[in-house]
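Chain IDs A, B, C, D, E and F follow the sequence of writing; residue 1 opens each chain.
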């Protein structure tokens, strides 16, 4: 249960989740599973039986989503108690107990799958993020996520990325201007696209331009971009681009980002490297519920 | 674009998705991304510009979720046209065009990410499912899914499993009685658990009992189980269990199911093998949007 | 307040209602009545006046829905106390007090109609169900409900059927395969319909076939039906069908089921008899609110 | 298909239902039934098969709810056609075709139960209402409904009452002031209750007072009631009350209203007689779907 | 903090707001602001820091909406305490503390804008209403509102009008019949319009007719109107109309109502004068949050 | 109908409103008014009567919200036609026709109030914004809005600000970091607050710091602020601040901004000036519906 180098906690570093925002997500998940009740639990377990369960890590990883597990049980039964034995952001090894669940035995069983579906997926995101973040250790380059999140779970997955030590890119399409290849194609040039977008966007929105060549980088700088995305470039090309930009804009490496490539990318001194895979291609962290009879 | 052996189509084999059911899921995903509009598209692209886009496979896999991509665009703009170039269930190779998108250039760009997030994930599920199903080719054993689905997407992921050629296990907790280890522990025995559950469940619900030993299998049979889950057993133990059951109940292998183990499991002659990984640990299928300027 | 022979209790026999599922139903009902407040209560009763009310049976019957009455008042005012004086499933005679309501006098009055609308209807369902169940006393035949429920209230009405001592048939269309006359007509035969449906349904779904003749019964058996519905048959024909089936499938009598016919139907030894009338043609149980000044 | 004496039509007399208001009610009903699809229809019927169905009356009654049946099918499939063969408000005899349903055979079957659940219940309400209205034929007394409606269906049931020829009482608690026995008890007198309520209610709200004696009637008149409810009075007492009131307020007979008592009540010359039974104790009108193969 | 002449309190005079009705409105407002969290508060303020804030009047006015401010914070954090220092309906001068907010410093900041947006607008409505009501002091004429309310906030704005001392006109279109110029035009006359509307409306709905001339007033009386709206008339014309009506109907002055005209209108002895401006053209009352470090 | 100097159009400049986002807002407004139907229209107007209405400006101003008026009628009746005679962003004088409404006469009347409530309020916002924008003509200073919007209408009001020629500040709390006085107080200094917030915010979020003195301005610059808010400063102080900042950050004047002060503020050469009053203290633009009989 030792805290990993990049460990962060749910309360200490701006990782809060507003319960009123996650409640509808949790309700929908419960409705998917429990719309007509849980006939197995009703049948097998007496109504007044109490029980204790332990969520147990069965693989190494970074835990995320414990407040959601608590919310699952709170919606089922306000008297049910969920005690965190680790905190979101902590690294666990197999066998480490994560949370203690105490209350009605029926409720314990009826909420198990939904609670685990959330915690296992979010921990999967946090774990993959942490692995990537650790590959960047010692470099200034920071890992950021994308909008390639699971439909309906963006708030939670962006939270899990932060839990894992990554940073968030835009939450939605209006947070920032991001002029990509298709925008440039349809707009007829970077300068025009940026100028027009700046006029309609919130003044607080940064402007990012996706560039595939040094020429585009120069155009983007001239157009006043705050961030320049270096898209699908070789490390060599990125190094050159960073030199050209010379601090006049933030830089973000993007495209074909794998764990193996991360140190090489970081050596180019880009400010950020973005990965869609940390949210769209994730393995659930293996966690089980042990019931004490 | 050749159809894989297990290929099924959205219209021919009971794979329909009711649009009124998926509409709320699609709306939520659009709200996540577009709550305040798309300032990049508004800025870069003239309002009356039309464009054509092609969804293009960039990796081999099985397509699932095209009707959802169409629904994404229909919600944004009823006049936008989405033409399927393949059908859900077809295997595609890199470079194969999947769908043609024609209409307002702004709409084309604004809906891209949400449409892709759905199709890439569902195709990921269908592709993994198909790989598993193909590993069972020649055996009677059928692949089934679990309730280990992404919160909020169960309907779609169970659909994608069917698209991939798998079968569905329970949709929710009331569809069937499934007496697992924790139920038995809390109920004080299989017989009692089954008898009680049968009395409260719908008469149409089958009764399944999770067994970890031959002794439990015999108890489950005596209790009248319709399906016997052989949980975390060796192939040898499963073979023995199948012999003991002798057709008196359906059999389902469960636990630590990997692609590699599938042929071995199938050789035990179990009726079903279930996998949580086909929904909880999936890589998005790589698909891109090519815009024709 | 003597407990009837078939009396069951909300806590002892799997009759639980998940509050998070009934809450939206109760909210909608409250919104129908109270969208703009209760000007009569506001006008007539001082804001700080407390009062006690008693829900009183005015006709004999079986009570169902008390947890919903409590939820009505909890949504109006968390401090309002609802004490059950009987439990769901108990038979009451006229004059028997059912629940005590203590709190703000305005709240007591404002919630009265909504609480009673729920409890009176659900008790009506439970009462009619109990009458039918008692007509089957001494026989093995069990009463089951149908999908002929009030739109929006299926969860509650299926609960009330269980409270009355009946069993539930399918909750929705995907819980089981039920091949009816129109399916057979459109499919071109029982065997084909069953085989196709089995391939798309969840493996946990039982297969039922509606039969109107012995010939169809034989076909259904050959097709592998788990349950055979004997539709609109004479008792004589059902007896014959039961003999033919000989335990190879469960049997369900259906069509023109009245209270008077129940013993005759039960004598045919069918396993189940289904009634739509216990949910679609029900008289509210007469219950009043007595306020203690 | 002859039009009954009191027949009214959906379009001619203010009986419109706003589709945007009934849509959520219909969606919820469809979700109850179809949340995971219709495996029987998918299995038994080819996806491209078309079919025609006829809704057929199997008992005499007044039809209500046809626009809802159309909305059920429109939500399932915009291309599905529902043609009304009678109109809401018409009396039908057994064997009369009510509506023609043409489109996808799967859709025809999947929507059947939900469509019928609505039309059968609403027609039950309209039929019972019509019977009561006909018992008042020749008298000036008009039938009105109450707030004793099915939770979630008040809009539709109040519509069905109008379809049956009855009139509506309040829709919700703020439409009018209604001072009942419990209000008077808690307020300490009629005069005070009315004066206070008038001050907080909308100026458009009429004031009604429930009276159980002539003395109360006189008090209510003095307090300025617009409507006087004669609660649980004998016909003799009501006749006397009507004479005392002498047109200074409208009068409404209430309590223990049965079909048999209606002519006697009407002879007292009260303006209105209210019945909760026309909405809370109703038998579904028997209607079936005949499919043409 | 002295109570103004017309001061009313939230608990004493029928001004209650049902929390279950305002909760969805408050949730939507919170979602608008906090959908992705409050990065400033998370960043700037330690998670465990507690703070106290004071809502302070910065302009003179009538407070309305304090229960909504409390609900805002309760939804963010059940442990957060909001203490009212004045009550809805009280007049405050600049510098008067309105409420004390105690709890998590992050929550204090995150809820500030939403809480203030509600209280400032509702206090603006109450303040404008109070000014109008005071201009009518000494006259029998009462101020009423209209349906010209902010979309989505009608319940709250009608409450704020009552808090300010005004009375409510209809909540929605079915509460009363109001035959306006366009209805008369399309119906072909007052008498016909009233007779038809009376037949379809709830019996509890009063009938109001908008009149622009004495001739129309006479027609409206003959048609049985309960309320006669004198629309856009001169004071002289209204005086004459009141004399003609002679108490046979209530009277309501409407159109071009300004603060300055109120005494003149009241001198005509109309029963009511209605103003859309008290809800559709309102300045927010200036209120600030002072944080004690 | 001449286009004002700053006129913009809904289609040309990024002012689009996504209909799927405004639909829930429009539905709620319709439900407020029409929950139980429109008894006046049903009564007064025959069901098959068609009519034409004209929305007519009765005061000078800038129109905003026409797409919402169209959506109101589309939800009531897909066949109803709304033709725009001007476009959002155009200045109109009294008497100018704004839109033509053609269809069912009942629908025309039933939708009138809701359509006008939206268009009048949004046009009020656009009109006030335009007045402010025009006061800045000839200066580089741009007008921006705030989060002081009407609860539930933020999307529409921010749109109306753009229609009026203003620019948007943040949509919600996560779009940008804005460190205000209370944050600084609770964080213990600007530098710490900014550094912490930057670490948790999206990388695309700009950082703004509210400053009340030159000393704070210098601290904010040192902390890396992108935007510096000059809060409640005199014009003299702002001029000095702008000089100190010297283009290293954007500048925003805030606090006590009135129409009269705008030119003086602009002369300080700040980049932006923000106004809460353009959304929180607005008079509805007077618009009427003229029906052609």
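What we mean here is this: a residue touches a chain if its C-beta (ideal position, glycine included) is under 8 Å from a C-beta of that chain, and two chains touch if they have at least 3 such contacts.
Note that the coordinates shown come from a computational prediction; the quantities given were computed from them, not determined experimentally.
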Please state whether A-E or A-F has more C-beta contact pairs across its interface. A-F
Examine where the copies chain D and chain E touch and state whether the two sides share over half of their residue numbers (same) or under half (different). same
Please report how many Å separate the Cα centroid of chain A from that of chain B, as a whole number. 23
Could you put a whole-Å number on the gap between the CA centroids of chain C and chain E? 44
Centroid of chain B to centroid of chain C, CA atoms only: how many Å? 33
Where chain B touches two or more other chains simultaneously, the residues are 13-15, 34-37, 39, 42-43, 110, 155, 171-172, 174, 178, 196-197, 199-202, 205
Inter-chain touches occur between A-B, A-C, A-E, A-F, B-C, B-D, B-F, C-D, C-E, D-E, D-F, E-F
The chain D residues in contact with chain F across the complex are 11-18, 20-21, 155, 158, 171-172
Contact set on chain B toward chain A in their complex: 25-26, 28-29, 32-45, 49, 51, 53, 105, 109-110, 112-114, 116-118, 120-121, 124, 147-155, 172-174, 177-180, 182-187, 192-202, 205, 276-277, 280-284, 289, 291, 293
Quick check: in the complex, which residue numbers of chain C touch chain B? 13-15, 142, 144, 162, 167-171, 174-176, 178, 196-197, 199-206, 208, 227, 250, 252, 272
Listed in rising order, chain C residues that touch chain E in their complex are 27, 30-31, 34-37, 39, 42-43, 46-48, 75-76, 106
